[in-house]
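The letters A, B, C and D name the chains in turn, as written, and every chain counts its residues from 1.
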Amino acid sequence: MLGEGIIKGMAETARNFLGSYHDAARLTTVEFPEDKIPAKESARNFPFLVHDGEDAMQGLRCVACQICEKECPPKCIFIIKDTNKKPDYVGKLQFQPKVFDIDVSVCMSCQICVEVCPFDAIKMDTDFELGGSDRFGGLLLNKRRLAKPNSYYHTIHPTEAAEVDGRLAAEKAKVEAKAKADAEAKAKAAAAAAAAKAAAQTTPPVVASTPAAVVTPAK
Amino acid sequence: MIADLLNGIGLLLWRVVSDQPDAKGALLPVLPAVLQPVVSAVLSVAPIIGVFASLFALTTLLERKGLGRIQNRLGPNRVGPFGILQPAADGLKMLTKEDIIPRSADKVVHFLAPVCLAVPTLLAFAVLPYGRNLVPLDLDAGLLFFFAVGASTELSIFMAGWSSRNKYSLLGAMRAIAQMISYEIPLIVSSVTVVMMTGTLSPMHIVEHQAGFIWGFIPHWYVLTPWGFAGFVIFTIASLAESNRSPFDLPEAESELIAGHLTEYSGFKYALFFLAEYLGMFAISGLGVTLFLGGWHAPLPGLEWIPSFVWFFGKLVSMVFLFIWIRGTVPRLRVDQLLNLAWKFLLPLALINLVVAAVWHFTAVWTFPGALVVRWLLGAALIGGPYVLLGSALSGAKKNTLRVYRYAT
Amino acid sequence: METLEQIQARLTAEFPAARLERVANESAAGQPSLVVDHAHGQAIARWLRDDPALRLDYCSNVTGVDWLPLETSTKTRVKKVVDGVEKEVEETVKSVRPGYLEAVYHLYSMSLRHGPVILRLRTADRAVGAPVPSLTPVWRGAEFQEREIYDLFGIVFEGHPDLRRLLMWEGYQDHPMRKDYAEPDDYEYEPTPHDEVLEKAGKHAAAEVRP
Amino acid sequence: MSESELLSAPAPTAMNYEIRPKPAGTSDAEVGGELLEVAMGPHHPSTHGVFRMDVVLDGEQVVKLKPVFGYLHRNHEKIAENTTYLASMPYTDRLDYLCSMTNNWAYALSVERLTGLIPPERAEYIRVITAELTRLVNHTCLIGFLLQDMGALGTPLMYAFRQRELILDLFESLSGSRMMCNYMRFGGCRADLPAGWLEQAAQVVGGYGQFLDEFQALISENEILVARSQGVGVLPAELAINSSITGPMLRASGVNFDLRKADRYGIYDRFPFRVPLGDHGDVYDRYMIRLLEMRESVKILEQALREIPAGPIIDPKAKIRGFRPKAGEAYGRIECPKGELGFYLISDGSPNPYRYRVRPPSLINLTVLEDMCLGQTVADAVIILGSVDIVLGEVDR
């Protein structure tokens, strides 16, 4: 009959009208500045640079390898290598960025820089309340503004950060173990050499010394 | 003198609130004779403008809130507590916007159009009875006056559309003309049934005819008779079209014609159109309340102590809420379907409804027990049959049916 | 579905005069294609569409490719008489394959659910406005895509019913998808770290001043 | 048939690009009035973005309609040819910005065709789940937009968006972004499902049936909707096939062609879903087909969420840095919610594709826009456009 469908529809809208007063599944509005939905762990907005330790500039994990600059789809990363090196987390001397700029007016939050970074130096931030009055300079973030401590990374992406830290620690342990083993082997070799030298005076050496097996921690 | 004046004002207010006749008579004799006609006019006009302008503000808020709730949103709630000051903010925004007149527009007509729309709309309020003794102008041919004044709004919409020199405006204006003229007819014919039954064109008397209760508790409103119900439905549909409300908002069809005749209007002029449209909606709802919903009569016996205008405005707001509810539910008709609905469905039904009303009138002499029920059923059958037939003819002409779909695996 | 070899054999039988060339595809997809000559392009397309065994009624994808002139050097060992002695000498032969533009059609069959058969139409050279026959009369679905190729590559489709630019505006001169397209540098500049744009614009301005 | 006969055979559709003769029975306004040319768009509320239709009207009746594109053109293909394979992935999100997951998949699938990478089982399941969720998102939005175009003042749209948000939440917790997911990678997916995701997804999917029921009750039987959309914008099946129409629009015309069935890409052969087909090819069928397809998607999702195995999510051969496919070309296509989304890639062995082409279903589905609109009114043209389901990011690329 004519009008039946309209009446059905009106019943439906009435149900929603009433439902919006008592059913939270219907009235899903979150009134933003007062209420906020906590950021999801995987959320991403703009990248930031992770630093270890207190001093942001000293602790930057970035080694200015420029892979992210090359892979960035909209080409919003801008890096100049510094000529002086600084030690990284395992103590190896690495380059550091002299300039590390991200133009967030161009950045499209794709996370590819994070994926391609071999050093876990760049991660995605979840902060989205970034309003500002300067349209040009304000949106060009330099490395001081980009640098954020590892503890911050832990607060926004706890699972991922723990995993990264574990990996880095494992790597560090590996390197340290290797260094230790190397040192031991060296000492051994030196001792052996000394012994050989001493022995050489009596008998020629028979067995070449082998370095001790390096214990590699499971990854 | 001052004491007399204050006394007069107090008495006037008391008479309004307590539904006593001749409220103005309480104040006017206090004043000098020269002032009396002027004050009398002001006393009639100022409350109408004041009350309906604030009702307009309230309705825009109610509409936005109601639509919001229907759509599972909160609606405006930022300006003032519960967003109550939102209309003020809207009004301020409208007033401070730049008034743009397109370079190629007909400037005079472009300016006159909103004025020409607002004035007759306000005039229509003159004949509506708001309370038991509260009618600004008790014209004998009040209904005629109402329709005459209401019909003149079409002109201003066409003025707006034509003078804007915008293709969308023109299309919107053409639609508006076709729509409003077409729906004027079912609107009037459905009202004529009431005139037939009451034998008067005065809204005041029509309301008085609906006094009393059947069996002591069913109000004697016309909407509760078969012809009255059919008439009320036709009247409501036609008044939706007359006030350009969804699903008949074709003249300003947002998704097709941007804003139709309003495309080139901004600022205060736009606000005036907006105001006039809502005032038109109130006026026509007010007429609907007067004709079919018993005007200012209370719905149940024993509630008469509540001032009668409360009932009137309560019913008016309910009508408006119905309009909002419909707006939140249905899509828009197409222009040919709109005209088909008017000419092939509403008009024949309204004419048949005249016959039903006549039958109802002449069977009033039946006095056997249960006569009322029999009359009711007879009337319902007389109008319901044509409704079903015309309805299936209208929707079945194109074999519009609910379809069954096949599936491939 | 028949292999491309079989289709080619049947096409050769049907159109003895047509020049057909199979293009191998080294990728894992293994979708070889068939280069069709201009004179028989439409007829072959129609035949492919209407042949009951193929029924390639659906032209899925039409696109252009700009092949730059390719310089290939092949090393060959040639026997040569050097100083009266016959010797085997390695010689590098440089050959330049001329550039051309190409329209690629991916054809499928909706009714028989197979495909793709890939047709290629090649222009003689990379000149703007080099023609190929349009296949829009055969598959309406090619209409916008051929317009797009005309717009972005500059291939003219002969027999296309409505060959206008699709994405760029009327009056635009260049064809942006060509490999030698130079970006314009006259658009509004906003300071970003991408100062190369500014640099380029400066150079452009300087070049305009010089002559 | 000989060659000359073939050449002279008439094309299956009239290709007269002058003002076409009006369809029989619609012409009654020959009273010497002038035609009205209206440029609908690019700033028009219901052209779904910056699309323009140059319409010639006789009264309210459309006698000629030419779509004009390019207002959102940014030469996506050129950008992709100047950057690495991986860096194009986030750009594909922005093609059809409602369906980034399926765009990702189509691109990843094409690259997998090019290189021979094989995604592991779990990744295939995740792809099916996200793609079907995307289909729900897209169809939900579309019916909302379509009804908005029809003049239903936002109510269906808001209900649709309310439901869509739930899925976007899922996407956010999976990929980090609600719409620009950038989730799939060549040979798998980027990140594994977070803890509790499957349960949350099952809950959302479980509630979808109720939403669809409510939506149907709200509007599907509405007389105005029925009157507005039945018999409007009819697209015959032959014309649809010849014009390369794909997706729900094709199926509404009664052609049984769904790439999930025809190509069986991914692991779609494991899901016994059905393909709804329309018989009339009008706007109502296109609307209903989408509603019915959503119900099938819900079934697929329920099965996939139940059966998803544990395991790796990316092919171990996949390289994130220094990705250089062998020279060659590949065309991969999937059934994205709007139709067939294809990526055609030519590699010359360098890190950047030599040719990168998107086959945009939105654009190609517009081929028949004029045919569907002729003889209809302006109001119909708007809903016909709405029923085609275009996203300008994809049309203009």
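Following the convention adopted for this analysis, a contact is a pair of C-beta atoms (placed from the backbone, for glycine too) under 8 Å apart; a residue touches a chain by one contact, two chains touch by 3 or more.
Everything numeric in this text was worked out from a predicted model, so none of it was measured.
The minimum number of touch steps separating chain B from chain C is 2. The minimal number of chain-to-chain contact steps leading from chain A to chain B is 1.
For chain D, the chain with the farthest CA centroid is B. Just to note, of C-D and A-D, the chains joined by more C-beta pairs in contact are C-D.
Centrality by Cα centroid goes to chain D. Inter-chain spacing, taken between the CA centroids of chain C and chain D, is 27 Å.
Chain centres here are Cα means. That of chain A falls 36 Å from that of chain D. Between chain B and chain D, the centres computed from C-alpha atoms are 44 Å apart.
Listed for chain C are no residues, as none touches two or more other chains. Each of the following residues of chain D touches two or more other chains: 155, 159, 162, 218-226. Of all residues in chain B, those that touch two or more other chains are 70-73, 328-330, 395. Taken in their complex, chain D has these residues touching chain B: 36-38, 44-46, 57, 60, 147-155, 158-159, 162, 218-228, 230-231, 256, 258, 261, 272, 274-280, 284-285, 288-289, 292, 377-380, 382. Residues of chain A touching chain B in their complex: 1-3, 6, 9-10, 12-14, 16-17, 19-21, 26-29, 31. Contacts from chain A toward chain D in the complex involve residues 2-6, 8-9, 11-13, 16, 26, 28, 40-44, 67, 70-73, 108-112, 115-116, 118, 124, 159.
The touching residues of chain D, when paired with chain C in their complex, are 1, 3, 6-7, 9, 11-13, 15, 17, 69-70, 73, 75, 77-78, 112-116, 239, 241-245, 255, 257, 262, 325-333, 340, 342, 344, 346-347, 354-355, 357, 359, 363-364, 366-368, 396-397.
Residues of chain B touching chain D in their complex: 67, 70-73, 167-168, 170-171, 175, 246-247, 249-250, 253-258, 327-337, 395, 398, 400, 402-403, 405-409.
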